[in-house]
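Two complexes come next, and they have one chain in common, chain A, joined by chain B in the first and chain C in the second.
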Partner chain A sequence: MGGLTRNKTLSIMALGAMIGLLLLPIVVSMPALAGGGGTPAAGGPPPDVAKKADTPEAAKVEKGRDVYYKTEGIVSGAPAPKTADNPQFYPRYNFESRVLLWFANQQHLYYGSFVLAVPIFCMIIEFMGIISKDKAMAKKYDQLAYDFIKISLTAYSLTAILGGILIFTFLTLYPAFFGYLSSIFRPVMHIYALLFVAESGTIYIYYYGWDRMKEGLLKWIHVSMSVVLNVIGTTLMFLANSWIGFMMSPAGVDEQGRYLGNIWHSIHTALWNPLNVHRLLGNMAFGGGVVAAYAAYRFLASKTDEERAHYDWMGYIAMAIGVAFLIPLPFAGYWLMREVYAYRQQMGITLMGGLLAWLFIIQATMIGILFLSANYYLWQAMGRMRGAEKYQRYIKYMVFVLVCGFLIFITPHTMVMTPTELKAMGGQQHPVLGNYGVMSAKNGGINVIITTTVLSFIWYARGNKVPMVSWARFGNIFMGCFFGMAYINIIWLAIYGYYIPANVRVGLSVPQVATTLSCLFFMTALNLVMLKGAKHSGAIEWGKISVRSQYALIMLATAFTWMMGLMGYIRSSVRLFWHVNEIMRDNSPWAYTHTTGFAANMISFNVLFFWLTILFVFFLATLGVKKAPVEAKVTVPGRVPEPATH
Partner chain B sequence: MEIVTNPLFWLALLGLGVILLAFVALKKKALLNNVYVAVTISLLIAVAYFHIVDHYMMDMQGLDYWYLFRK
Partner chain C sequence: MKLILWAGAIVGAIALVVLLVMVGGLLPPQTIKLVEGYMPMQLLAELAFFVGVFALISYLLKQNGLGIPRFWQGLSFWIFILLYLTYRIYPPIPFSVRALFGTVAMVGVFMWVSGAEEDWKEFKKPILNVLDAVTPFHKALRTFYLIAIPIILWGFSYNSFLPNLDEPIELRTVHPAPPASTKVHGKTFVLQTSSNPYRVSPEGKYDQEYTNTLITEQSMGRLLKPDANPWDPKAEGYLKFVREGGEIFFQNCHFCHGDNLNGRGLHAFAFNPIPANFTDPGTLAQLQETFVFWRVAKGGIGLPREAFPWASVMPPWEQHLTTDEIWKVVLFEYWHTGYYPRTWD
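Right after this comes the complex of A and B.
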């Protein structure tokens, strides 16, 4: 009893310490943040400015106008360096420095995304375990959350190592640019480092305290720690996003790049919020994909039915979480693009109608593959449920709808052709297919795909259940009519767009999105209500799923990884020959846009490298499991996977 | 036949659908699972709802959803 009280006290103290660590960097940085008209650093102005201030002629305060906010501020930083193509500004090996930086950055981002996403999964799953009334299921959820964090812990070390490599790469290959960026974001970088320390401490206590904090109040404290962990992780990501936001759409500086003393302006740039939302959703979808691939790998390597059942279940949960975040991702991407257009129309045109437009066709293909893989997995997963056969005959129609949406979504506006081909086709646009290469059709295509995925999820959820509510027939008819009308509305809006001017047409995507989201929220809610007290036509036979489904999960994860690499490249290369858009010019020999082929090869290399290293992480996780199987079976009843009934 | 471009009409239609649903569910429960009644009420609600979504989502952006029809 005394031991338990001591544990409780220690846990509360630990949690308090964690919260303190979380708040400490903010308190420490207060003078810098509060001193709006001050300097980027917590202390006085930079030495060069301070020296000048001593002289009488410099006593007059120089003011500058913010390039984005258009407000006046006291100049408190040096102008952005004007670089030249020489080793002083761009020290180099006998190799393209940009490619080295690209590699270091991408690998750090992959691992960073993974270790930010997985603790969020753990938080959700651990919480599900706590609130679950079924004790066996509660233990399964708890074990699953533990498995997730175990994978994440090794990846966490790799993230830190890769972060170090990235900083060294910046310092050694792009010292002028990195010096300028750190002169603006000095306090932010310090907060970032302190938060990283806080996150490390929290994650280790969270992981190693798992067994000691498994019951009662301690369990709640444990799950609260995961909240703290995720708040820190998300803040870290937001801070890092402020740097890339500044590079794309600078603010808080004048036209010469001189810092104007308001760090919030430099953080809160035009693209910061859309980037935050897009990256958060993207990380979650990516993390889900990687964990699902891990589960698929373990499923395929399983020797026993019990193992297969466990990893089948794990793969399903990870996939479901990943796809739940994938569904809103295109909308967040759309918001980001709208903001890019609003910030600089030319930047938007470069992205979607010019130099980088073909990369968006590749991106559309990847998004289509993601949704097709997720749907295919769900249809395969219905095979392990008795009663789901009733939906099998409709799958061919869903395939038809998905393929139509997919083909429209990936149709390019114009083709790269030889003069002979151009002549044979009668112009840059195909007379029929060319009509599908516009946003109006593409928005229709992707919304049809997403709505069909929602329908697949609803069918999966009711695969082995028969609704027993008295109004079940009405509910089914209502759901059918609602989905039917949603499809009609999406397609209608896509067609309508061809008949109205561009300035009105551009707004049609919003009702299309609202239609899809209506299906997602209302129909999922209706389905849940209808399935209350539903009759089970059979248990889900975990583990009895086709091997093909597991390859679909691996496909899903690979497509996520490739698409992340691609989108990162697109976002970064839209700055063209600028380090910081319109402020600091890139004068290195590599300030040009790579060919699509080179970029695709580089992305593939990054994907391959990531997967080879993450397989090593998976392998390490396997070693841990092999060491204590007997003990786990004895001390934790229910740890052995049991087929779930719901 | 011209389409009604006044959002109040579609709001009224949605209201009618919901009232019909409530009436059937509370007073004539046996009719609720009748296919014709269910399809009528469902279509009424769904059609009106999506018109309202289209109208207000465009209106929110300062755009006119009925642009073509008004012309």
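Right after this comes the complex of A and C.
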């Protein structure tokens, strides 16, 4: 016991030292940041300003007003370039430069998200392995974490290559814009590069040191390294987010786009934090989906029961992690949209009610598919447990509730119709279904879907168990009432939302979300307590699951990928004809919004390309397999790996 | 208990028959009406009721050795949903939405019949029987499908090649993003921060909460709130401005937007699309008052680029009304519909 405490103390110290060392470049550069990092103007200060520096007027500094923070600052950069449609500002091939950039950007983002998410899984799973008292399970968790990082290593190289391609594409096709952006973010970009080096070093030590650091203190240091890895990875993402945040909601510059010397203002824009949270959760859900698809692919290609059992289990764990982060994702998205509206009303309306509203209907459809797939997978997974039949008979009712929530969630307010249909309907809005087209109903719909997903998870967790606690009957009744009241509350608030002012209605989402999250946290906790010492009606027979479940996992991953492409496109195109919103205008010939059909095709192409290349990555991962993936027994009686939500 | 179950099943079966008779046209389609104001919830409740009825009937038949095979259960339920969407909901839903709902319903049926392994095996059985031609009847059926399916596909292909004389579908942007500011009669209004100068308390200060308490009731009757009659000769302040807005509305707007503000005015059906229905919760209730002010002032011709295909013939009312008159009309529209203007806080 004492040894363990000593080990923990030492590992915490090692962790602290490593974090300190790795964050040293940021600390060192802080004075430069505070001072604005010198003159970040594109290509240095304009010649007339440079000349003035030697004159007596140099003492008289020009001040500007921050477009967002409204603070005054010393002008220390050139205005945003006023571009024109010519090869000087927009060098081009005989092809749409924007589409090339879109492709390069999207592929880099897919891989970037994947390699940022997977180490977080590794950290969680490796830690679960360390704390697991069951040695067979501990070994399985450790092997799983190793499998995960192995996949991400090849993807990591591809991310770096795609990042290089992206920068070259920017430099060669949009030099004026990229020059301006890098003039503002010069110090950030250097820190970004340094962190990337640190990330590379850490990930290689983490991977190659796996076998050497598998015992005692070294194992704790090893798992601490995954923490460091994720701190660096998340910081990298936050820094990259600051650039897109600046493009959408610029700050730290005046009306002409002149830098005012405070880099923190340029980083910490109105949308930076909502973007950070949304992307972090999104990456995790996406990473879980991709790993689950990998497991499904390996499951379907398996030739032995052992392999099937391992990859069935791997798919389940990845799906559980992915869904655990998918559940709060709509709420993070809601916060982001709220901040968008608060920042610029017209930007919010363009997104949700105007030009891009149709894309949100597609997004709603994808979200619905994600939740339906997750539920379907869980119902299928009950099939490998004896005793779960008692819950399977309720599937039809759960389907009904999910489908109703889904239909409300995807019903468009303005419908696609022929003029004849329009006349027959008597207006743009349908008197019945039009009511499902507004936010109040949609909030109700999605919360019903999420609550039902939580219920599916709870039923899955108790599939092969019978609670034996003395208050089991009371607990079940309480749980049933809690869920019943949750549904009533969510639906009632959705209806009530029609009768109150819009600003109050927006606030109603808080109790709705609180209701859903209460079900998630309280009921999961109650379930866990109830299942302590539960009677097992049979072991989980890993590998004995229908192939349909594996296709559901592939569907889940594809829907994640498609939705990520879609949301990236929406987020980017909401700037309309601006490179940097209201600061630097896009004067290229491609400063128009694509049609919905073109955008959908382009997203599909990106998804297809990503999946083809990631299949190659999966294939590479299989080349390195020299031994059977699991040494532990196929079934582990009495042990059910719990979803990460528990 | 058994008696209750049978009673429930009989009531459900009668409801089902009534619905099918309405679908078949033997009874008027709106014999059992969707109650105005409660229609969205009534629709969901009816569907939930029928799910219960189907489950109950299926259970009782199974108990009595007359169980319906899962395949036919799934198929018939899906057909029921399609019929319900097509014939029960009035006015008719556009094909695009029916297709969307029908597809989701099909996915739901698939999830149900394949949720548990036993169900899936039972569901697949008739299909596999046909494919394996287990009896001469199944063999004949298989041969029939072999011939019929290509013909059906050919029919679809043929249809898709026929010239279509319908007007093309347009994805209209009903609420285009407004500009940051708009200039009306030489004065610039910032849409994010401007407010209606007539939405005032008795002290003459801007007060949305006070004026919200005086709008008509939001139920379908839209009754006057007590002591809030704008046509009372003694009405002052906010209510007086509402009356003045109403006068302007009935002199200029009601020909198209209707005297009940539901977009069914005298000339409404001369236009395509017909004018906006302000009583719908998706129009005024979703918008900031300044947005409505901007749309009224600039009309269809002032719509921004992204509002393609600019399908609005509303005149730019700034050419006919003063700024004050436009504000008063907006005030009246919110008062009459019982909705609150959107605010951001």
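Basically, the second predicted complex is superposed on the first by the 583 of 646 C-alpha atoms of A that agree within 3 Å, B and C clash if a C-alpha of one lies under 4 Å from a C-alpha of the other, contacts with A are read in each partner's own complex, and residues count from 1 in each chain.
The working rule: contacts are C-beta pairs under 8 Å (C-beta built on N, C-alpha and C of every residue); 3 or more make two chains touch, one makes a residue touch a chain.
Fair warning: this is a prediction, and the values are worked out from it, not measured in the lab.
Novice: Should chain B and chain C be called a clash or a fit once both complexes are overlaid on chain A?
Specialist: Chain B and chain C fit side by side in the superposed model.
Novice: Considering only touches as defined above, state whether A:518 meets chain B (first), chain C (second), both or neither.
Specialist: Touch partner of A:518: chain B, not chain C.
Novice: If you stack the two complexes on chain A, which partner ends up touching A:135: first (chain B), second (chain C), both, or neither?
Specialist: Touch partners of A:135: none, neither chain B nor chain C.
Novice: Can A:82 be said to touch chain B (first), chain C (second), both, or neither?
Specialist: neither
Novice: Once the two complexes are aligned on chain A, which partner has more residues of chain A within touching range, chain B or chain C?
Specialist: So, of the two partners, C touches more residues of chain A.
Novice: Once the shared chain is lined up, is A:386 touching chain B (first), chain C (second), both, or neither of them?
Specialist: Neither partner.
Novice: Between chain B (first) and chain C (second), which does A:496 come into contact with in this model arrangement: first, second, both, or neither?
Specialist: It touches chain B, and chain C stays clear.
Novice: Could you tell me if A:399 is touching chain B, chain C, both of them or neither one (first, second, both, neither)?
Specialist: Only chain C is touched by A:399; chain B is not.
Novice: Now for A:477: first (chain B), second (chain C), both, or neither, which partner does it touch?
Specialist: Touch partner of A:477: chain B, not chain C.
Novice: For the combined three-chain view, what is the angle at the C-alpha centre of chain A formed with the C-alpha centres of chain B and chain C, to the nearest 10°?
Specialist: After fitting both complexes on chain A, the angle is 60 degrees.
Novice: On the combined arrangement from the superposition, state the nearest Cα-Cα distance between chain B and chain C in Å.
Specialist: 7
Novice: Please write out, lowest number first, the residues of chain A touched by both chain B and chain C across the two complexes.
Specialist: Chain A residues touching both partners: 499-501, 503.
Novice: Could you list, by residue number, the parts of chain A that touch chain B in their complex?
Specialist: Checking each residue of chain A against chain B gives 470-474, 477-478, 480-482, 484-486, 488-489, 493, 496, 499-501, 503-504, 507-508, 510-511, 514-515, 518.
Novice: What residues of chain A sit close enough to touch chain C in their complex?
Specialist: Residues of chain A touching chain C: 341-342, 344-347, 349-350, 353-355, 357-358, 368, 372, 375-376, 379-380, 382-383, 389, 392-393, 395-397, 399-400, 402-404, 406-407, 410-438, 440-441, 495, 498-503, 546, 548, 576, 593, 596.
Novice: Please name which positions on chain B make contact with chain A in the complex.
Specialist: 25, 29, 32-33, 35, 38-39, 41-43, 45-47, 49-50, 53-54, 57-58, 60-61, 63-65, 67-68
Novice: Please name which positions on chain C make contact with chain A in the complex.
Specialist: 34, 36, 39-41, 43-44, 47-48, 51, 55, 89-97, 100-101, 104-105, 107-108, 111-112, 114-117, 119-120, 166-167, 169, 171-180, 191-192, 208, 212, 218, 263-264, 269, 272-274, 276-277, 280-283, 285-286, 288, 291, 306-307, 340-345
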